[in-house]
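Take a look at these structures.
Heads up, the next two complexes both have chain A, just with different partners, chain B and then chain C.
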Partner chain A sequence: MTEIDFLNWVRGPGFQIATIIFVAGVLIRIFEIILLGRKANLAEAKGSEMSSGLRTIVTRSVPQADSFKRSTFTIVTGYIFHIGLFVTIFLYAPHILLIKDIVGISWPALPTPVVDAFAVISIISLLAILIHRFSNKVLHYLTNFEDLLVWFVTIAPLVTGYIAFHRIGFTAPTLLGIHILSVEILMIVFPFTKLMHAFTLFMARWYNGAISGYRGVES
Partner chain B sequence: MSASLEKGINALKEQVDSSVAAFFSSCVHCGMCADACLFYTETGGPERTPINKTEPLRRIWKSEYTLFGRIGKLFGLTKPVTDELLADWETLVYDSCTLCGRCSMVCPVGNDIAAMIRKTREGMAAAGHAPDGLIGATKRAVTIGSPMGVKFPALQAQIKHVENDTGMTIPVDVVGADYMLLLSSMEIMNFPEFIEAVAKIFDKAGVTWTISSEAFEATNSGIQIGVSDIAAELVQRIVDAAEKLKVKTVISPECGHAYMAIRWDGPNLVGKPFDFKVRHILEVLDEFRKDGRLKTTGKESQRLTYHDPCQISRRGGVIDEPRNLLNMIADDFVEMPDAGKMNWCCGAGGGVSSNERANEIRLKVFQRKKDQLDEIKPDAIVSACSNCRIHLEDGLEEYHMEIPLLSLTETLAEHLAD
Partner chain C sequence: MTNKFDDKNKTLGDTLRSRGISRRSFLKFCAATASMMALPPAMIPKVAHALENAKRPSVIWLSFQECTGCTESLTRSHSATIENLIFDSISLDYHHTLQAASGHAAEAAREAAMEENHGNYILVVDGSIPMDNPGYSTIAGISNYDMLMDTAKGAAAIIAVGTCATYGGIPHAKPNPTGAVSVGDLIKDKPIINVPGCPPIPVVITGVVTHFLTFGTIPELDHIGRPKVFYGQSIHDRCYRRPFYDKGLFAETFDDEGAQKGWCLFKLGCKGPTTYNACATTKWNNGTSFPIEAGHPCIGCSEPDFWDGGGFYKALSMPTENITQTALYTAAGAAAVGVAAGALNRAKKNAATKAHPNTTIEDLEK
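Up next, the complex of A and B:
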């Protein structure tokens, strides 16, 4: 297999396989949650479930003051790498072109050096998060194989993308192929792991807000 | 598999719904819930991280309600719930959690972790892994009618005392009264002044009320231990009495979990909406205030603070009412840091105070309350939960602090205008 064959495979069949597993897996996970259903609350309501749930989806992104004070490192690094991921995935010109090819919509990109900086910051924050996972006793206690796997498949596309962009070590097609492959691994791992939170957190936050809001408390 | 373990697993299965599935699917092991939990912050034990306490329920969700988990089970990859796991988790689920719900407020993905722990207790109790203290309290609640073993004659004796002291009549079994007052055993035995305070305030407000001789106990051990069938039976007694006496509103007294049990869980436990309203005593008093039926005179000059009982504030929604009421009678009111919906638990709710095994840890985690109080140095603490009150007194004594505890209802009664 030449490097062009490799690149063609990850762009073609590889990408198709990953997409099918990703889409089908995510749909299965979401439907198996929704289909469980939930009993209607028979107590007299003090607030609206719907509007409280929707509000919490938004407000839960802002930490409580005391929580921020006590979990500062987790919150700051968490915010940095999530923003970094968003910028590198959705505001990098070649990615936008790819999305335009697939779904037909596009939006303005950030200048490449800016995206590059975000990638570096994200990588640094993810490294810091890994160190924190082992140095903090709560995180150390909670950490299992899945946490490490998810960390690896999340940082891998950032690192391979950075290397591909700067053409370090190999030729462009190989580097690009490796980058695309790392994204495909992320997509395949996604439905089976806590990466699902990217979708289910909207449901979880809604339920949290609804349960609390029904009793008249903003959560 | 032992019969009790099977019961436990079945009970856990019944607890899984779409909210539980969404919660477990979303946890990213960030550990922020630990920082919100006084059982972690004051002990430093990572196993006390709130989400970790739900492990038995998580395993059931994963192995029974997810396709990938079920496939994993075939290959022995999904961890089962065992008797050893439940035995190991008993002290985490019962001794190291008051169901205070602070974790549920900080979880960045929005997991209602306290609700998940409450659900986990259903499986623990069914499998026989509940603390002896709570089992005893629950048995007494079912057979005698009160977790402390208080029968109606004991209440009658307290009523007689109050009647002799005040010259007022305490209404019992009055059909058609506006309000039916529930009491906690703790109030009956330790704080009968509460009955006196209600009698005086309601008399001035010009409303009719009654106590039921058949269902006067407000507390619900079934909720604390996590046995819904028993919780439902205890709620049903109140429903029957309220319907028999044709009252418009049932009043939950100064007790945290009692309010949760009758106000929010009650109709769901018995499976139908109530024909009457349920209100916390502070909600009723605040309505009186708004209607001009509650008038006070004079103000407390001492520096007062309010301890929010978790099940009444954060989990119950009664947050503004006590502040409105305190505003009437307090000249120097000061809030603790994190007051209101983010207040720290006293450390003994959710059945912890009925569980002697947890005595040491509940006093240890009181350090959090001490730190809160040290920041504002109040002359007295007002609260609206007898259980908080007893434990706060206990904790203050343990930490050599001399701050009196006041009931909000009783303090208001002392300031009633003539």
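Up next, the complex of A and C:
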């Protein structure tokens, strides 16, 4: 297999396999969760479920003062790498082209050096998160294999993408192929791990808000 | 007119002088060739000396499943360049497009050259070799495979010219109806220099021949058999439009503002980032320009399977298959499976609820 064969495979059948597993995995899990249903609440509703649910989706994005004080490092680095991921995935011109090719919609990109800077910041914050995970005794105790796997498949596309853009070490087709492959691994691992939070997060927040709304209390 | 014997014993220097090439322009050519091959200036006299005194080497050129574009590239330069004079000055003993002889006489010339120069001739091949059925491509009733294997036996080195000979090229593109393979797929016991391109740059072909004449060895090759001096850098890394890529300024169509301003052609499908060739430096038509300079994206023709990269106008970051369709079909299937799984889960939950024994006050008071 030549490096161009490899590149063509990850751009073709490899991407197809990853898409099938990603889409099927995510949808089946979401359907299962929604269809599980809840017992009918026989108590009288004291407020709106919907408005409280929707509000909570937004308000939970802002950390509360006491929890921010308690876990400043986790929250700050968490925010940095999530914003960095968003910028590198959705505001880099070649990625927008990929999305346009699949979904049909596109938007303006950020200048490449800006995206590059965001990628570096994300990589640094993810490394800091790993160091923190091992240096903090409680976090270390709670860490299992899945946590490390999820960390690895998240940082891998960032690192391989950075290397591919700057063309360090190997030849360009190999570097680009490895980058695309790392994304495919992320897509395959996604539905079966806590990475699913990217979708379930909103459902969970809405539900928390909805329970409070029904009871007429602040969420 | 010189007789055949004299002609064979003429050195390259003699031939060039008889063609009216001055010493000055010959040395200029040597200097240019040396710098192109990344040799130190001290090597220029060596190149000149070796070329001047080189006996015309016998070259057998075999054309298999090809379009003759590689030969055209070499011979159709718009003026008589020193490169094609050098090429004229090798003893091209067999080339079925260029030779006057045909039929049995042509094959006799090939056999004679093979016998006379056994172990010393250079074999040049353009075109791929069909392996599904030998009848797909034959010359004088001889299958391409038989002719290649037979002629390769006595060759000092093999130069595979063009992407068909080096990596299978267009005949090898999916679904590869003839079972086309490259020279390197079949021959493992001879040095093979791959000079891919569709077609390859003429000076790259002559550069490889010059290297062989000067040093008597094959140039340093990369991992897929290409001379590093010509294929060591990607089009992207040497592209004059590279600053626009770095800044994120792209032409979106062939006639928009970006295209007029000469911005990067990545979005229009340019394969420059993954293509290794000398186009951006040596350029074409006597250094006039190269495809990207003419406003067209690189199609990646010096790389294996460039024909199967999902389309020339599809950007490198786009998938080669129809992922929209895959995603939609998968989503439809997954929705059905999800609903079925949900129904099963519900049934399980209801069954569990039913099976759960109710505890009454009497039970507790027991």
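Remarks
By definition in this document, the second predicted complex is superposed on the first by the 219 of 219 C-alpha atoms of A that agree within 3 Å, B and C clash if a C-alpha of one lies under 4 Å from a C-alpha of the other, contacts with A are read in each partner's own complex, and residues count from 1 in each chain.
Criterion: a contact is a pair of C-beta atoms (placed from the backbone, for glycine too) under 8 Å apart; a residue touches a chain by one contact, two chains touch by 3 or more.
Note that this is a predicted model, so its numbers are computed, not measured.
Partners chain B and chain C, once the complexes are superposed on chain A, both fit on it without clashing. Panel annotation: after superposition on the shared chain A, the angle at the CA centre of chain A between chain B and chain C (CA centres) reads 170 degrees, nearest 10. By the touch criterion defined above, A:L98 lies against chain C but remains apart from chain B after alignment on the C-alpha atoms of chain A. In the superposition on chain A, A:I34 contacts both chain B and chain C. Of the two partner chains, neither chain B nor chain C is touched by A:R55. In the superposed model, A:L110 makes contact with chain C only, not with chain B. Looking at the superposed arrangement, the partner reaching more residues of chain A, out of chain B and chain C, is B. When the two complexes are overlaid on their common chain A, residue A:T143 makes contact with chain B while staying clear of chain C.
When the two structures are aligned on the shared chain, A:R167 is found in touch with chain C, with no touch to chain B.
The superposed arrangement places chain B and chain C with a least CA-CA distance of 6 Å. Residues 28-29, 32, 34-37 of chain A are contacted both by chain B in one complex and by chain C in the other.
Listing the residues of chain A that touch chain B in their complex gives 28-29, 32-39, 41-44, 46-47, 56-57, 60-61, 63-64, 66-67, 70-71, 74-75, 78, 136-144, 147, 191-192, 194, 196-197, 200-201, 203-209, 211-212, 215-219. Chain contact summary for the complex, chain C toward chain A: residues 167, 223-224, 234, 236-237, 245-248, 250, 266-267, 273-274, 276, 300, 303-306, 308-310, 314-321, 323-324, 326-327, 330-331, 333-335, 337-339, 341-343, 345-346, 349.
Across the complex, chain B meets chain A through its residues 16-23, 25-32, 34-36, 40-41, 44, 46-47, 49, 51-52, 65-68, 104-112, 115, 263-268, 271-274, 277-278, 313-317, 319, 337-338, 341-342. Chain A meets chain C in the complex at residues 2-5, 7-8, 11-13, 15-16, 19-20, 23-32, 34-37, 93-95, 97-98, 101-104, 109-113, 167, 171-173, 176.
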